[in-house]
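Below is a structure I'd like to ask you about.
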Amino acid sequence: MPALVAAIGIALIIISRQIDISIGSQFSMCAIIAGVTAASGLPLGVSIIAAIGAGAMMGALNGVLVAYLKLPSIVVTLATMVTWQEALRLWQQGRLLSLPDGIQWFGLSQPVGQTVVISIAFILLIGAALAMKHLSAGRFIYAIGTDAEAARLAGIDPKRTTFGVFVLMGALAGLAAVLNLVQSPQVQPNCGDGLELKTIAAAVVGGVAISGGRGTLFGVLLGMLLLANVNPALTHFHQPPYWEKAIQGLVILLAVLADGLRSRKNQL
Amino acid sequence: MKRKSFIVSLLILAALPLASCKKSEPKGNLTIALLPKSKGNQYFVTCEKGARAAAAELGAELLFDGPINSDPAKQNEIVENWITDGVDVIVAACENKDSISTALRKAQEAGIKVVTYDADAQPDARSFFVNQATAQGIGEQLIDTAAALTGGEGEFAIITGTLTAANLNEWIKFIKVRQAEKYPNMKLVDTKPCDDQKDKAQQEATNLLSAHPNLKAIIGVCSPSVPGAAEAIKQAGKAGAVKLVGLGLPSENSAYVKEGVTQAVILWNVEELGYLSVMAGAALAKGELAPGATEFTAGKLGKMKVEGDNVILGRPFVFTKENIDQFDF
Amino acid sequence: MKPILKLTEIRKSFGAVRALKGVSFELLAGEVHALLGENGAGKSTLIKVITGAHLPDGGKLEVAGAEVSHLSPSKARELGIACIYQQPALFPDLSVAENIALRLKKTGIFSRVRWQQQRANAVELLQRIGAEISPDSEVRSLSMPEQQLVEIACALGSGAKIVIMDEPTASLTQKEQHLLFKVVRDLRASGVGVVYISHRLEEIFALADRVTVLRDGESVGTNAVDTLTESQMIKLMVGREVASIYPPCEGAPGKVVLSLKNLGCAASGVKGVTLDVRAGEIVGMAGLVGAGRTELARILFGITPADTGEIVLDGAKITISNPGEAIARGIAYVPEDRRRHGVILEMPIAQNMTMAIHPKLFPGSILRFKAESLLAANFIRDLGIKAYGPEAPGGSLSGGNQQKVSVARWLATEPKLLILDEPTQGVDVGAKSEIHKIIRGLAKDGLAVLMISSDLPEVLGMSDRIAVMRGGEMVGVIDKDQADAHSVMAAALGTNGKEVAI
Amino acid sequence: MSFKSLLARHEAVLVFVILFEVILFQVLGRNFLTERNFSNVFRHSVEIGLLAVAMTPVILTGGIDLSVGSMMGLCAVLFGMMVNALGMDPWVAAALAVASGALGGGINATLITRLNLPPLIVTLGTFSLFRGLAEALTKGAESFSGFPASFLALGNSTVAGLPAQIWVFFAVAAGIWFLVHRTTFGRSFRAIGYAPEGARYAGIPVARNTGLAYVIAGAVAGLAAVILVARLGEARANAGIGYELLAITAVVLGGVSIFGGSGTVFGTFLGWIALAILNNGLTRISDFKIMDQTVASVARELSGLLTGLLLLTALAIGASIKTLAVRRARQQPIPLSKPDPATP
């Protein structure tokens, strides 16, 4: 579920024709910030706000560099990924952090807590899907992803929109970290490792065009479900786990291949 | 302009080794370097604690450095840096047996004493191995404990760290051997990697529980896997129905053990392992421990047994509901 | 009456290119004001200044009497300025209704998109201009004229007080043109000021109240349309007598170099083209934008290979499947879009010039810098390229000099056939006649030249024969002595209309 | 100001950074400028250096290759299998490992150039695929060792005062330098990076030459795998994890534009040296403390952090130089790189 929340953000990023590979680091950083604030005795609400706020700030840094300094997002987020990751290691040394009671499941019972987490993720997904369709902001994101110059001529500010998408991505990474945090009584600083790959792959498999402008959040949900089930499927069919990565790679390649062939058809 | 900067920089690069001047460090005491498999791991942080205590007693300087990700080349790099530093003793826990041995042999050639702990290198690459328990001992202890809990029958699964970790694979091998010999009614249904991520261990355990409804036990062989699997069992409402045993630190597992989700955590006294390893290294450097010895005095631990080239810490310890509160690591 | 839009001494440069050298212009409410000028006279730049897409380097811009600085596209929209661009600036992945909605009233970021209303709005607007387009289809799937109609609907629906139309009829069929004219008249009647840009003088006489003529980035005067005749207008635009400035053709053409028989390519919409080009001859290619001329050149150059018919070069039947092959066979193509295809702006001009002759100049793939700069220096001298040296990046040159670099690249291949696509587009008058001299000189030296141009005086002045295309087909080849503006345009339009392309 | 002098300035800045690092670490650290440590700096980073120089042509074409680290894992495993399971001569196996790398690069090249798919996603896919194949081939667990000493010498011996593998690096770097700066291939990489369509209109075989860059990157990844195995004495599926990011970092730090077109192999070389020295130098500082730990004991985290910050700074400086250039364009002729609004 937490990965789904992050995937919403990454889908918006890709639709606006950018990429963010720092979300795994953002996620870890937010998880630990939430964990540390909670462990220091502050109320859960403060931790949640701290995590989402920290995420939004990290997103804002990416946003400034990409939107206003016009730097390529792949390199910017590569640099911030390394920076946050190592800063976290320097700070936490990889310790497993135990959380106080009352954090898990937001202090509710397990079934209620699980329902809350799943509901939040789905409400967000549906909300974001509706916003992408029914709010001007959503249409702006599609517009700048399709053609930033045409968007500018149509009076949309591509810089502000891009910046906003990155901030939103960070905030969603923070929220995802919180949703992950409440699922167990301990938090590990490497909890976001590999999240960027997982979510980008889900978006691409779900039909979000890497060239921007096309894709739906419903597709992202399907992509997420498909990829998240490669591993359980191996388990269920009693297959050895070491094929997982190879299969994931093939699924990504097939998805991008299908997309490539489709857009080629469109051109003719 | 371009050409000029090119030449200048080439000159500088060429001048680097020429300009080298060996700094003579005032070296009163021993410098002991402790290499963990990975630095961020609570297990090795605890080892370091014991090692620091030993170093303080000896008046020695302790360097502690290790890899932070699973890049197999990192341990070698660190060892080679220590050779450059001219440390006196290297105490190493080996991630990749064969590759680290290459570097440790170089250290020995450079006159550095080498002791291994936790996971051994090739025998010719070190003088002694501080054996907290043999791979065989660990494997057998795990399966024996699991078998005792399940009555020696039913399906069980293993959650490991990464598929490439050498010592984990060694332990799994001995689990399989022992099970085939002694517990024919038990069946290993799956081995899953958790990439040293607790959250992934939780997912894997959840998958295992639903894929194998008759699962009786899970064995976690790396430390993040045990709390991860415990949370999965707890959330699935199968606490007690599916037994969980694993290697891990008491502090990370005490809540689950007390709740009865995790039945047993197996570990040696990690702090003492760090302490003993440093003591053995120092003794080796001072000549108090030489090949052929059968015992040596390790500070506050007193006389420790030496078997061949293994310094023995003792059998692994089983932490259960009854005794887990007595340990603070 | 107070002008609703007033520009005073507007200046704008791109690198070394001075696109606007101080243009003044004013627009009244309820008038159609035509803006006229040759290609490259600065019309498009001026429009972009008015819509806020470019910030001017100097000058004053007033809207409804108030001075506006730092105009941005969104601010322009708030001020009631709408524009129909020559190349539709639509979002191909979005639906028609959505495209229209995005261009209408500015909405807050969090305001709701009312799909029903948006659709109804689109239906109404499309009906008003009489376009039969479904509001739900993706713009990607529309034809060029249809996209242009959507643009018009956008401008119409925005409720703007100032509407700019940049060659709106360029790709429209006659029926759609009439729809457009009606829209323009309606707008005028409702008090909107329309800036109308077209190359077709007939349209200007039919629609406009006043006309401002631009030449080389300067305005050369504003007049009421009914005080001017067609030839006076042309004279204002060109600033010289048409046809007098072209280098004369000399000598008789030689043997046939290129012969096309029934050539076609389904993907690019070219069919059944038959044409001969002789050595020492310049064949002009006339036609409207989108008539298939550039597409034909792309077929000959192997970018979109032919799928029917045959190409005979020097008597041998050949196939051309990629540009490399075309170059090896002696075909050179100076493309229309100089900045994207002709010259790589970031690279030194010497490297640009040798780019097409790598295998020949650099045997074994190893660069020979001396040979390269020698070759470049020769071309710089021979073609009179103004640059500080072979190492100057292409982007630092003015448009005309960039075009010469592009020509030099292709002359370096020592071709048998040179295809030029709009060789003087965006080039100032001085450089233009130099380029004309170069082209004529090449033909004199025995090169077969195929020159695509939308600049009718240029086609008439330069060509030995004029081939006219319409709708992807070759509709006629006219000899120089029989060609005049009327006959060529008639062939290009397929009517007896009096429209004149300049 | 011409583009070239800007680049030269970037390289001059890097030389300065390197000098600063050297002085800093010599003053603060122990045993920094010793012959042995000097060898270590290169011995331990030569694989990344190889990947970085081979990545340069790819980035010059405006592409990227995320799969090189995974490719190392796959080639290392293939090499180990060929020697151990098939009993092949290690040098023959090494040649075959390089060839397999080239083949893997060929897969990337085919998907990218023939099917026109975006390099970022294609190589993200092969990043998973190659690593996955390496794990599947070894069932995740097997490793290969026991290579002959003559082969291990490639990774551990010294030739003419320098680590043996550094000579291999010099040969490869010189080769790629020649390719990029002295042949028509290099010229075409730039042209493709600046304007792929423009290059096509100039008759440059765009697909073939772009493909070549990926094939070279793959082959060099294979070579890096062989050198890593020779240094470690063990071949395992986890060889080269995360190296792609380090290599890209070195390239970008070296002043190669991630948009393609501009940059030099020498710049990449300097970027790599700066990173390698930073990485090693911090481990030398054991007399200063940061957050209650000696710098040396948190050197890895610190150097990662500094690398990230250095990269961000390099990018920001690059961006402001660009802004300045744009501002200056009002007075002086400066290349325009802003493309016209897209034409359909």
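Letters A, B, C and D mark the chains as written, and numbering starts fresh at 1 in each.
Assume contacts are C-beta pairs under 8 Å (C-beta built on N, C-alpha and C of every residue); 3 or more make two chains touch, one makes a residue touch a chain.
This is a predicted model, so every value here is computed, not measured.
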item: Contact-richer chain pair (by C-beta pairs counted) among A-B and A-D; value: A-D
item: Distance between the centres, which are taken as Cα means, of chain C and chain B, whole angstrom; value: 72
item: Chain centre separation (chain A, chain B; CA means) in Å; value: 34
item: Computed distance of Cα centres, chain D from chain A, in Å; value: 28
item: Whole-Å separation of chain centres (CA-atom averages), chain C against chain D; value: 44
item: Of all residues in chain B, the ones touching two or more other chains; value: 39, 68, 163, 193
item: Numbers and ranges of chain A residues touching at least 2 other chains; value: 89, 147, 149-150, 153, 241-242
item: In chain C, residues with contacts to at least two other chains; value: 89, 92
item: Pairs of chains found to touch, sorted by chain label; value: A-B, A-C, A-D, B-D, C-D
item: Chain D - residues contacting chain C, complex; value: 2-4, 181-188, 190-191, 194-195, 197-205, 261-262, 329-330, 333-337, 339-341, 343-344
item: Residues of chain B defined as touching chain D within the complex; value: 1-2, 5-6, 8-9, 12-13, 16-17, 19-23, 25, 39, 63-65, 67-74, 76-78, 80-81, 83-86, 96-99, 101-102, 106, 162-164, 166, 169, 193
item: Contacting residues of chain C [partner chain A, same complex]; value: 51, 53, 72-74, 76-78, 83, 85, 89-94, 98, 101-103, 106-113, 115, 140, 267
item: Touch list for chain A against partner chain B, complex; value: 89, 92-96, 98, 110, 114, 180, 183-186, 188-191, 193-194, 231-232, 235-236, 238, 241-242
item: For the chain A and chain C complex, residues of the former touching the latter; value: 133-140, 142-143, 146-147, 149-157, 164, 213-214, 266, 268
